[in-house]
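Both of the next two complexes hold chain A, though its partner changes from chain B to chain C.
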Partner chain A sequence: MKWINVALATGLLALAGGSAAADTSDKRIALSNNYAGNSWRQAMLRSWENVTGQAVTDGVVAAADAFTTAENQVTEQAAQIQNLILEGYDAIVLNAASPEGLNGAVKEACDAGITVVSFDGVVTEPCAWRIAVDFKQMGKDEVLYLAEKLPDGGNLLEIRGLAGVFVDDEISAGIHEGVAENPQFTIVGSVHGDWAQDVAQKAVAGILPSLPEIVGVVTQGGDGYGAAQAIKAAGRDMPVIVMGNRHDELTWWKEQKDANGYETMSVSIAPGVSTLAFWVARMILDGEEVPKDLTVPFLRIDQGNLEENLANTEAGGVANTLYSAEDAARVVAEAKGM
Partner chain B sequence: MTEVSSSATLLGKGYAWSTSPRVLRSLLPAFSLAVILIAIFYLQPRAMSPIGMKLLFNLAVPIALATIAQMFVLAVNDLDLSIGAYVGFVVAVGSTMLSGGIAGLPAMEGLIPEPAPWFLTTPLSGVLVLAAAIGVYALLGAVIQLRNLPSIVVTLGMSFVWAGLAVLVLPTPGGSAPTWLRGLMTLQVPIVPFPIVALIVIGLVVHLLLMRSAYGAVIRGSGGNPRSVARAGWSLVRVKMAAFGLAGLFGVLSGLALLGLTTAGDANIAVRYTLLSIAGAILGGSEFVGGRVSPIGAVIGAATLTLANSFLTFLRLNPDWQIGAQGAILIIVLALRVLISRGEARN
Partner chain C sequence: MPAAVKQIMERPWIWAYVAAIGVWIATIIFTQGQGGGDLLTAALAFATFSVIVALGQMMVITLGPGNVDLSIPATMTLAGTVATKVMDTQDSMILVGFLLALAVGLGVGLFNYGLIRLLQIPPIIATLSSSFLFQSAAIWYNRGLRIKPPPQLADIATRDVFGLPLLAAAIILLAVVVHVVLHRTTYGRAVTAIGQNTRAAALAGINVDRVRFQTYIFCAVLAAVNGYFFSAFSGGAALNMGQAYLLNSIAVVVIGGTSVAGGFANVPGLWAAAMFLFLVEAMLNTFGLGAGIRLVLTGLIIVGVIIAAGGKRAER
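Up next, the complex of A and B:
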């Protein structure tokens, strides 16, 4: 009887668009999260709730519960993972407090036959899957966009993030790599904006008087609006400022676009990446072959889809996108192709 | 539980069995542990298996060792606010120098000639560093006694020193635990899961060391009445050095146990251990002053705190409430203790 049920269900689902197979309907997936104290993480948890709630209602999986540790501590999250093993989940989706410190707990989960998918804060334990962010490529993409838009090149101002943080080094390395490949550009100045509009505004205002004419500003997100304010206050021509998907940045871009046809692009990581990890975990539970290392696609906003993305972004927040099973399948297919 | 019965027999030795407040007080930690354990078994029957018990208790081992370290300091009327950072430092040293020698330090990458000479790769350097760290702990004890400094201030200062050293040794999470350590912490023991065996052994060994030996009585006595201990001809400086040195030793053991469980290091891995160790010791029947401590109680207290965390997860409590709920559990147990102590005072 069982195979008939499965065949029936598969047939029905194929009609419904093939978004889910029935094999995982009895599987339970848990989200282990180490921190919920900023807007990105809040949006990440909300995205998880929206997508997995629907998935549970549709019977794609039996349960998808989110667990956040009370304090952002490695030992607490290790204990949490052990408790999730005891609860008998089939997969644990993990945003880790430490890339190394949870390896023991992750290994225990793997040994208990649990699929572990880490994202954003990934773990190095070989038995787990990793959905990592290629920050370097993100920096490079900014320069590539400018190279396309400004073929003659010119001077660039770089706004960096918080000094000493891995993400800052990676994005900056990507930007410099892009500039090395496109010698028509020169980075004439570099300031730290700490991913905050007020800091960026002050830093840019400070360096502007010493700079020649600049055609573009490469940023790391959370700093584009501040840069625009500083440049406007200095009475300079507005260069192409690459944005970072923040609500204030997109709003400013929209105003400029309506007023004078200003063109740029915006790129960052969508908090909805948790939902991508959910679908990847489901694919693995479904028995599909998934490479251990996957890369998060960036959420890129261009001139054409600005309005649509701005409408979906709440004030003070970051542009978000919820991933679907098809998106996950595409990411996996890309990783296989590499 | 095995622990409960073992502590009961030990406690039963000295006193006649009665419901005297003193016995009640000694049994309170074991009672709290039993209540939480039963609640967990009720919520999650899967935990009632060898593998379940192993998962429930294995993170209690490093916490219990840190609690014992804290208890030695409490025994001489001091408080150690640096134990968490110190355990993090031990984890950092353990994951680098103890497995790969000086050449295992991330800072040395690229500076080591190929093939590396033996003195750069020997784990002995890690052993020496950890021994030196224990020495520093003993010295702190001497300084606190000689200069009459408040231990809270000294150890708070030291916590930044240890945290800084840990980051120097291991700037980014990484390294790897020595294989023997991983092997030890994942040891398979027949019937009883290894963490429970380890907890019982820790409790009993420290009990013999501190409660049944002559020098143990001196250490506790220096917390209860330092003047009379000094008059009896004991050097209070040496007593403090011994107590702090033992705290340093158990801090090292705690860090190594934690490293064996996590398999890789992170300098900030044990930040919470400072408060957990104090809470665990107090929960287990120790007092802030007066040299009144209980090693077996400390182990049980640490286990109770670890289980309380699991219990709250199994309850599916909103994480925002979890710290509060943990605090509530602590308050309930301590309130019970105050009630019993009042009964004791009346007798």
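Up next, the complex of A and C:
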């Protein structure tokens, strides 16, 4: 019975789609997520619930269900996608466990006429859309900010992430590119902080004694507060530490700002990017033309909007923003413009 | 060579000191003397936390094959989380927080030994599974929220006097006490005896159960104390704060000259080994080597030190 209903609905929709902009109120969108074991992913899932729950209530789409695999494994997620195909979803929004490993399942979905939008963990299968993070630009933006703030330049300390991970290489490459274009800066030391405050604190404390005066610390997020602790313990002047939107980092920045007017900026990706992917999927279902490769906007916090963002950041979590249909339209328009 | 020097050179822990000093000298040669003192201060500050847990781990490992406490990271996290949340940045609550951390350690030790003794689960499995429970309890209790330590406690935990961190001084004293307990008390001798031959120790009239029980409690309480001070030192408890201390505690014990097969403990080596591990990372970072080479060199240097120490022992 269900199949007949779906078939009927699809048929009717095809008719409707011919005349004007298609209505998506009977479309069903699924989120396939590979992992939920950290605060970022938890916030991502909650953002999805908030935004899509409202969208379903408003009748924008018929359903927007979230599915998370337990083991963060490719085989498990591939099986999950096959189930979603069988259940007849119109679109699958995907945070993938592997860039290549799911291509087979994604191709099957496309062949079944399902729109696949991958984000954050994107897939390489050409039939799917990709909303990817430009980590390299993120690293470069940090140096560009420092160049603006510290026109005289100086020595920088770089805190990297987890060695051997793609994201670490990309952000670091961006930072080094930025420094190459701004030769007034020199990276005098580089340590791995593994995106964890305590690891960063220890690594920075170890290299600090050997370093000359540093004016800035470029980071990857999750490590700025640890760096601040180590620099404070060493009794040095506090350099400009670029933060990564974590709650403890923003809290520390706010304290310093209130105490001595400390200035810096903070940049990362908002977990709410899942909602951006949702709206993009809806646009595609709506029949709009959307380029296959889109870029996730950064969530950047500056001196002016620190308080506002800190208030919106859950304790122990990371700064978040929920995207709207208009935001999605803007991201798509930008991609078309390029 | 004078007899005294010869005697010292035969100690298994001497190689950890040689290695630590060698690495430190290599670093300051590279920086042309800059920051040598600061580097030592930092090494002492961070080694303190390794030594606190390693003291407990050393006693447990000395009990003999199969004895190891894998619940140290989770115990640290739980004690640090509970203490910082209850203290809630109030200086007046510092003592209450400390007592609570001790209570958490006591509870963890009781639970661990209950699994080992009453349910007859091998210690490695018992402490591994209990660590999941403690970690979950910490997550449930506070959801990873970082609450700052009371300002006075943070000050105590991070302060140094002429380059010697206060906390390090306290833990050096603690190490001396443990050294004396190990070599001069019935309890300490019993731990060593059980590690050498449990059956013989039991026949000699040692209450094996009681000694093992006390040792697991001792280890858990130290892990909890470490969680308390480390949260104070690093600006609040975090859910992953203990992670680095599992393998670190075992490595420090082994590099420090304690026999991993049990029955032979070595307190002086713990400090050298803990400083050595920190200084190696600092040295390789200072040299500016890539991450891959750094890890390979760290592994090779550690193997080298253990071979040097072990080779010396074999000659005897």
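Definition applied: the second predicted complex is superposed on the first by the 316 of 338 C-alpha atoms of A that agree within 3 Å, B and C clash if a C-alpha of one lies under 4 Å from a C-alpha of the other, contacts with A are read in each partner's own complex, and residues count from 1 in each chain.
Operating definition for what follows: a contact is a pair of C-beta atoms (placed from the backbone, for glycine too) under 8 Å apart; a residue touches a chain by one contact, two chains touch by 3 or more.
None of the values given here were measured: they were computed from a predicted structure.
Superimposing the complexes on chain A yields a three-chain arrangement in which chain B and chain C fit side by side. Of the two partner chains placed around the shared chain by superposition, chain C is the only one that A:G206 touches, whereas chain B remains out of contact. In the superposition on chain A, A:N83 makes contact with chain B only, while chain C stays out of contact range.
Judged by the touch definition given at the top, the superposed model places A:G287 against neither chain B nor chain C. In the superposed model, A:D248 makes contact with chain C only, not with chain B. When the two structures are aligned on the shared chain, A:G53 is found in touch with neither chain B nor chain C.
Within the superposed three-chain model, A:D198 lies in touch with chain C and out of touch with chain B [touch as defined at top]. Of the two partner chains, neither chain B nor chain C is touched by A:P126.
Once chain A of one complex is fitted onto chain A of the other, the partner contacts of A:A234 are limited to chain C, with no touch recorded for chain B.
Least inter-chain distance for chain B and chain C in the combined superposition, rounded to the nearest angstrom, is 15, based on C-alpha atoms.
Every residue of chain C that touches chain A in the complex is listed here, in rising order: 27, 30-31, 34-39, 42-43, 45-46, 142-146, 158, 230, 234-236, 238, 240-241, 243-244, 278-279, 281-282, 285-286, 288, 291-292, 295. Residues 44, 46-47, 51-52, 55-56, 58-59, 172-175, 258, 260-266, 268-273, 306, 309-310, 313-314, 316, 319-320, 322-323, 326 of chain B touch chain A in their complex.
Residue ranges on chain A touching chain B, taken from their complex, read 36, 65, 67-71, 73-76, 78-80, 82-88, 98-105, 107-108, 112, 124-125, 166.
Put simply, chain A touches chain C in their complex at residues 39, 160, 163-164, 189-192, 196-199, 201-203, 205-211, 225-226, 229, 233-234, 247-248, 251-252, 315-317.
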